[in-house]
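See below for the structure under consideration.
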């Protein structure tokens, strides 16, 4: 089936089990939120899918097996991700950032020439993530929210089909969150989106489905309402304002 | 058989020298990720300490014993001075630290030349450390090498104890594993850095004292040994004392065996090839701390 | 546009043709300094005459070469005090070779074409001499080289005032043979002099019934000698011939002593350890060992007493004098003698004066004579023993100055070496 | 042209950009006038010869600027490639000096060889030797880079490994005296492809070749920096892992920059031989290799012209200072490593950029 399929995924660091047997199915077009307390293994799960952490089990995306492939080969299969701390190239302009993200398939001759015009997909992405006005500004000078958008824009031009976003709205203002949420909705028309997030309010408004992780395992899965009603989740989140 | 044994011991003793030199580095480079190219000049400072003390105290054996703590403090303080004045500004730029400390090493070398003169100076070794100990009739090991081996092992043990059991050691490891987190949890990372640097540099001073027994004491004595010492730490793996210890001895034995059967120049090339091959197998060194950071 | 020598290469001509238009504006054929191809211009206009002193004042070789520069300056001062050369005061221009061979070449070019010196004194390592040799030959200018070396060289523009192999190494071997030593172990730094010296030693040993039990080279500056000491000990030779240089000697002798070897059981003959080095290694390790040179601070004679006294008065009572320093000091006086005989500073005339023979000087090492054809000098070989006081005492000498033979043509066993 | 539409804020972006075409053309023109017209007229043969040597060092510096400034690879081993290029050239020139079928002088003296070693033979061919001066270093860099970058050895590890390579190669070359000339290196080179190097006019020709090579190398570096590859290289420097997640293999990107830098160092070494007349292991070891880097740090590691100017300035300062005060040079050199790196990490080039920015903001205010 298309979409992301994870079966019995295990990641072990020096004897410490970070992810212990996770099964996860995200059909294409879904906007899946993954939540869980710190240390639940959320980021490690994404690390394993994208090839950063060594794992056992099986991960397929659109029928391609991902485990065992190198990071850049997985990226070429249409798997894109962002990081908790924004990792745009601060010494390059917004345009340059996007142009690089759009270009892994370029041949040597194109690479060795100067960019003569803005590629159409980059232009589109600039408009989608609303960064046209700051196109020639160094990415390092952007405010935090715009950096996160730039990251999403880079995934767009990268032609990623699966978006793995690690806390994309942390540190954003309310307006920025809303805008980001809407952007996620637009994206889901053509992409599969997986978001790691702590912000419950944001989750309730924009998630289509939710997976709750705890101690390296999947605790609960379903719609927002289903998950909120799950007693196991309430137990884990005791003292956390789930109901609020 | 005797030959193999005596060559094995030679290898172990070369390893002990390497270990003593690399031990300080495994703290400053391994724990703090600071490449201190002036480490060799701190070793030099330790060696000149012996020279000065012999002028003041006399008595070869006694002055050598006194030199151990004095050299530790002298080199340690010099290290702290370098840390405070320069390295502190460069924690985010490790490669720049390399260049800056190379500059420091040039300054210290020239300063030594101006203070003590360009020629090597001589120190006297206590007579107990100039001969050899006969294990059998034809198997003898040099007593200065035994002394250095013992010194190296004691130093390793002491550093291990400090790192594993004392509050300071816990702080050092905390800062190394996550500087930001340690700072947030209220650790004065600046003070921990300075203390780590003091100990690492002080160990260089002790290595300098030991080197007076087997090598020349002069302004350039540090440069000759520093490249190999860095290799030991790199191959041993960052942040891991046991890696440094094992690699120092293995490298010493490989070097002495290859050198015995071929020539020094071939041996140095072979050692380099072995290291590159080894890094193909374990690019992060023999032992690594797995962390979940992006870098 | 360009002066062509020999065959041309099509590829380069093509490249150069592209540049020719550009070069036309720069490469003027009447450029004043291009006259240097015809021979060095020496500035004799003033009341003084410039000479160059080319020594490493920084870097690894500074330790040794600074002492040479000091004794060169001493000789110049003495000559100036005595009225100079041909009525002109000598004005030394000192340059730093920085222990780096290309720098030596650069600085010698500077001394010749900028300072227009009458002669240059200096260089220590063979590598630096090889680097400057083409510069002096090209500019037809003179170099006086004051250090014992490996022979096999005879440049028309270099005077060699240190020993060649038959004045130092061969006498050293003769001495060992006379002492009844039948086997040798060779230890040296990895560069030209030890490798060439050891080749000669092996040929000598073969012809004289001695065995060479092993041969080891350590990189210059190497200070890890435990393996070599092990090899030496295991081989059990009756003597060691040591051509190590600088720092390595310190480490080698410490290791030698640690291995339980002694001067009585297995003496070491060293050819690069002079009084200055004895000081830095320490008599604790060196006492009783042998050296082969042409001069020691203790060499007897009025000329040496005067030299040692003057040197210590100028540079300090604790400063020893040594063979290369003496050869440097002597080289200035020999140049003075040649110039005065020629009656001119002109390089070709000075060379002709030397070639005619009869240039002698009562040097601290004894009377030396310039050998016209080879431009080396006759020197007395002296074997010395390191004493507990750090001085070297002569235990044997060749009796009379030995004729220099850089290519060892007079030794039947040496055929095929050069 | 996108430049015309750039908003004023784009000045900020110039840190990661190569000079614009217009500025670059002016710059190249200016450099050509200085190198080809002014210097040859103003300087005598001796100083011009020195300048040729400095320009060789500048060529190495341009490569280091690319690898280190743009690519983040602090290579402390450029001496290896400089040496390979130099030895390839010197081997050919020695063979040409000796004449067909003859052995070079030092081999007869020290090697006692009857025949040329097999690996010397191809260098008798001028085309092979010329190609080898650049291709041989590039090949070695390629193989080494493949091993090192693929295994993600980087940062300090890479720097130390490249330094160890220098030490090993220098010791190895010294050990093979009979076939490489040992510590002496290859010296006493008389001719350069038929031209007599003792003739001052031909030495001027060498200068012009070196100057042209420097301009060409700057041209290559300029094109690489302004190209998409140049942007990618900066991206790899600042976020190697991030680039990986965009589908690139950063090892390949770094490999290209490293190999190009090695080729430049090889070219510089090859030109150094006729310009100075010697190549020896002393030019390969740890110390000269790290000295190549100071000029780059002083001039501005990430800029185009900074490394070249820095290298020339430092080499000139070394000659000038060591003529007057030899021991002062070592102190000065030590400070050169410390002060610019600590207080002006962008080098002199960043100072120039800072001034330009101040001027441009002040003109904005007034207009």
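Here the chain labels run A, B, C and D in written order, and each chain numbers its own residues starting at 1.
The rule is short, and it goes like this: a contact is a pair of C-beta atoms (placed from the backbone, for glycine too) under 8 Å apart; a residue touches a chain by one contact, two chains touch by 3 or more.
Computed from a predicted structure; not experimentally measured.
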Going by the touch criterion at the top, tell me which pair is linked by more C-beta contacts: B-D or C-D.
C-D
Mind having a look at which chain is the central one, using mean CA positions?
D
Computed over C-alpha atoms, the centroid farthest from that of chain D is that of chain A
Taking each chain's mean CA coordinate, chain A and chain C are separated, in whole Å, by 72
Quick one: chain B and chain D, Cα centre-to-centre, how many Å?
33
Between the Cα centroids of chain B and chain C the separation in whole angstrom comes to 37
Among the residues of chain A, which ones contact at least 2 other chains?
83, 87
For chain C, residues contacting two or more additional chains:
190, 217, 219
For chain D, write out the residues touching at least two other chains, lowest number first.
171, 174-175, 241-242, 327, 330
Would you pull the chain C residues touching chain D in the complex into a rising list?
1-9, 11-12, 15-16, 19, 22-23, 25-27, 29, 31-34, 36-37, 57-58, 95-96, 98, 100-103, 105-106, 109-110, 113-114, 125-127, 130-131, 133-135, 138, 152, 190-192, 195-196, 199, 217, 219-220, 416-418
Parts of chain D lying in touch with chain B, wherever the complex brings them together:
72, 74, 144, 147-148, 151-153, 155-157, 159-161, 163-165, 167-169, 171-172, 174-176, 241-242, 286-287, 290, 293-294, 297, 327, 330-331, 333-338, 341-342, 345
Of chain A, residues touching chain D in the complex:
50, 52, 70-72, 75-76, 80-81, 83, 87-93, 96-97, 99-101, 103-106, 110-115, 117-118, 136-138, 141, 154, 158
Touch list for chain D against partner chain C, complex:
36-37, 40-41, 44-46, 49-50, 53, 109-110, 112, 126-127, 130, 171, 174-175, 177, 182-185, 187-196, 198-202, 204-205, 208-209, 212, 276-278, 280, 282-283, 319, 322-323, 326-327, 329-330
Per the touch rule, the chain B residues reaching chain C in their complex are 3, 6-7, 10, 13-14, 17, 113, 118-125, 130-132, 140, 142-145, 213-218, 220-221, 224-225, 255-256, 259-260, 263-265, 268
